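Below, each structure is written out as structure tokens.
Okay, so chain A shows up in both of these, paired with chain B first and chain C after.
Entry: the complex of A and B
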């Protein structure tokens, strides 16, 4: 038996495909990406000229990059905070009822499995300048805001709209994680607290919240990485407008710099944006883990 | 017999009211899109929220042919099914070796694979695009299958290794006594035993890749190689938006996932949660 499980040939045969794929499609390209970020790509000769930190210097002076970074950080903060509040609220309320819990849970989770591209088109129509929601607002004699066109303000209105659509779509994910954690808390803890005269709100504050804390870290880092990667919704809701209306996030700006017909093929600069994105992801995860690091209680 | 009926509390009623409102918020847009998809162009602009006066089913036919949705759906299906099968085979082989077989570097291999969960696809986009263009893999479905496969593997290995660890040792030992080779142990005993895990991982892989947009957008510029999400975004151009074709297209694109979700929602929800928590 032991000899069988130590069979070198079999181990290599089993693990090799996965490891080879990982190295070839993930780790080698990451290395290449870091190298490209230090190069200037010449479209005509298709060569990469080493220019050191030139791309990063250029990006730091680029007003479009500043907007993309601002919007991405806005999405990061908004999604972390809003998903924490609503995800936890939904989870806490749902664990309090028995009938219909599964139905509610499954419906709220539904948009998570649907294509963001499709849902983005749907919401883009609902927030259209003349039809959709504005049609109803107009009929009631209310002002019709230019939901997806407005460029006023530090964080423009379209960003808020998309942030709320993203919250609508993905809050199910956080809710599920918190629910899994809350249903693992022993009932006797709550019963003991009720005997001691605690109210439901107090029980939530002093039992649920501390015991859910480790999951907050996990869920929030997932949100943070997800919101930094944010591409599908923005692209399908705003399309090519991101360019004209200054509504880029890092992912769309990377796509535009690298592949858009107008932006040209600045592979070097786009790779630099990719590197910044990865660094932000790691940084956000590290900060969140530090903030919510706590010992696991026995439950 | 006395029936012990609890009084219904006001807070419980409030919770139900709240979640019923949420149901409307979540289901109304989907119901609305189905209704709007059978309106003609004038009616969409005139009364976007009304009940359709006439059911224009031909919208679907036009969207299907004009938007090349048929070929797009076929591409999506090919890519997702091939990725699914390869992920399950390669992923569970690696998971088995890591979870059950005895070798020094198994822990390191697991960490190596799990790092893949943290890395955003954007970061490898450009090197992969350049490399694949050199190998003539862009505008080729294989060029999409390879990265999808790689990015689906970490979750698969993570979930499957949990399943393989739960298989009792006695089972493997008795198989060994009966003269099974390690390959037979894996393919005829462990692989079939872990089918719950395979099912969950398979669903998640399929759904994730079915919805993927960025890679498909970059790699598939040829009209006949587009996947469904890419084909959808092409309905909106800076110059015109044909809403009466766009809505049927959206319905066509999300119906398969809705059906799959309705059939297996409990497994999907559980699977996505365990997959996301990663230990």
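Entry: the complex of A and C
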């Protein structure tokens, strides 16, 4: 084996297929889309014309882009904060119960493995103007909110609704990550703290939280990237109404700009949105890593 | 037989079998020409009668041409249709035949050469002579060449529920003021006066188009830059749109086109302003609506434009310029315009046929006779506003601004100024016009 690992030809031979495949389906398209971001696509001639930073300048003045950016940042903050709180809470609770732990764990994690498109349609029915929840509210004589079509407010009601659905779907993933970390903490640390007179809350505050901190950074980075490229739930719940309902996020705006019959076929501008999305993902990950940088303790 | 001989024999058998399948595959390719057809409704789940008629055409074509041609439908819903079609074109997988609306949508496929000219096929065996007139191709013709074949004509009208009108004690309105009075009385009677979709922006935009036309807006002059979008007539139309919106269903902002049509078909709302394609849809949703439903043309605005102008639209089929099987594609398109399909269009689907086919109006949906009367009395037709502007992007901007008026995010002045600004920003106004 050592001999093989010293053989550079063998290494190249083994790495080459994966490298070629990755280059062809990942690096080349990424590089191409960076180039397209600097071009204007002409619908009539189906050609790309180099315009430098023209797409970025145009996007900086575009009110729809401002809405998409605002909504994406809202999802980012909401998702990071809510999944941290609820994920940690569920993880702490479930690691402290013996009866029904697996049942609750599976129930909370289940939405993660289901199709977002199917879940989106399901929740769209539940929050429909006339059926689902509103039907029940109407039968009880209560007001029927415009769950998925209100445009009032800086952060509209549909934004909160979809953010809640996303939390419901993905909180299980955060919970599992935190549970894995908490399970690795030695019981002796807790026993020692209880002997010293610590309460359960104090043990959580002074033992669990510091030792879970590295995982918070990882889970939050995943949440941040996931919420910035958030697309499937919004699209399956609102379809092409995102524009008129001011519900675009960066990914839906990218899709509309690139492919929609309503203002679509602007592949250069769509690529520029993609570049902005990548930069935001990198930025969010860097900030989170800096905030949650911690030393590794022996657990 | 020794082991070596067995292995040689087996290898030869395998090689021979591989060689034998090759000509068979080639023969199969030669025999059946596979094509795709893209359409904006789900054929297996739809209740729309026109779509069901198209499903029959596909089945009939595959049956009649079994072993020669075969078409596979690619279906989607109306709202994401062009999005998905554009994605397929971008991926180099343009469907051989696809449905398209005339106007800027078709232009988007004609200009880059995605759609093929069809003149040689139309002229070849008298196919063109089966159409009612050359005028049916006017919206599909570019530089004298025909790029799509119309399948039917639909006129946008106002459908009303006779029972609700009777209960509310209102007559069919012929003027805008009468329409407002009727809406007020219907509302008092406890019904939704008008059901419309603002979630699907083109529905609201169609109403805005009618209001603009009745006010006398000269769209050609605006498109050419002779007039601005910001003028008394457009602003008056915007104000009327806002005025009418108080009579829309409460959920209009989020309702889709299907939601709005369903509300009318189920008798929850009194008036539906829609194209005559809605006849097939509403009759498919509820059998009883056919007898309850009357049709009137969009009311006149006193002191405004000719009130007998009608919004007309056709579904058209285009053929991909990159199709490998043009014969199969043309054969399929002919099935959509043959007597059986066109008769179905009128007698069941409730749309106006484009060919000289004879059909029995008495078996057609009751609403069609009224639509045909309105269409026959029309002094002129015009297209959907969002499909009659300088580009599909301009149409999209118009749609969005009409929604912003409805949602009271912008005043009519601000909304039409935004459309005008779009024309300026996108180079559709010369320097002199912008000064």
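Just so we're on the same page, the second predicted complex is superposed on the first by the 286 of 299 C-alpha atoms of A that agree within 3 Å, B and C clash if a C-alpha of one lies under 4 Å from a C-alpha of the other, contacts with A are read in each partner's own complex, and residues count from 1 in each chain.
Keep in mind that, in the parts below, a residue touches a chain if its C-beta (ideal position, glycine included) is under 8 Å from a C-beta of that chain, and two chains touch if they have at least 3 such contacts.
Everything numeric here is computed off the predicted structure, so don't read it as measured data.
Of the two partner chains placed by superposition, chain B and chain C are both touched by A:267. Of the two partners, chain B and chain C, it is B that touches more residues of chain A. When the two complexes are overlaid on their common chain A, residue A:287 makes contact with neither chain B nor chain C. In the superposed model, A:135 makes contact with chain B only, not with chain C. In the superposition on chain A, contact is made by A:111 with chain B only, not with chain C.
Looking at the shared chain after the overlay, A:57 reaches neither chain B nor chain C. In the superposition on chain A, no contact is made by A:192 with either chain B or chain C.
Of the two partner chains placed by superposition, A:81 touches none, neither chain B nor chain C. By the document's definition of touching, both partners, chain B and chain C, reach A:259. Of the two partner chains, chain B is the only one that A:232 touches; chain C does not reach it. Residues 130, 239-241, 255, 259, 267 of chain A lie at the contact with chain B in one complex and at the contact with chain C in the other. Contact residues on chain B toward chain A in their complex (touch as defined above): 11-12, 15-16, 18-19, 22-23, 25-27, 29, 33, 44-45, 48-49, 90-91, 93-94, 96-98, 100-103, 109, 112-113, 116, 118-131, 146-147, 149-151, 153, 157, 172-173, 176, 181-183, 185-186, 207, 210-211, 213-214, 217-218, 228-230, 232-233, 235-238, 243, 246-247, 250, 253-254, 257-258, 260-261, 265-266, 268-269, 272-273, 276-277. Listing the residues of chain C that touch chain A in their complex gives 79-87, 90, 105, 108, 111-113, 198-201, 250-251, 253-256, 259, 392-393, 396-397, 399-400, 403, 407, 409. Residues 43-46, 129-130, 146, 148-151, 239-241, 243-245, 255-256, 259-265, 267 of chain A are the ones that touch chain C when the two sit in their complex. Those residues of chain A that touch chain B in the shared complex are 1-2, 4-8, 10-11, 13-15, 17-19, 21-22, 25-26, 28-30, 32-33, 36, 90, 93-94, 96-97, 100, 102, 104-119, 121-126, 130-132, 135-136, 168, 173, 176-177, 180, 200, 218, 222, 225, 228-229, 231-232, 235-236, 239-241, 250-251, 254-255, 258-259, 267, 270-271, 274-275, 277-278, 281-282, 285.
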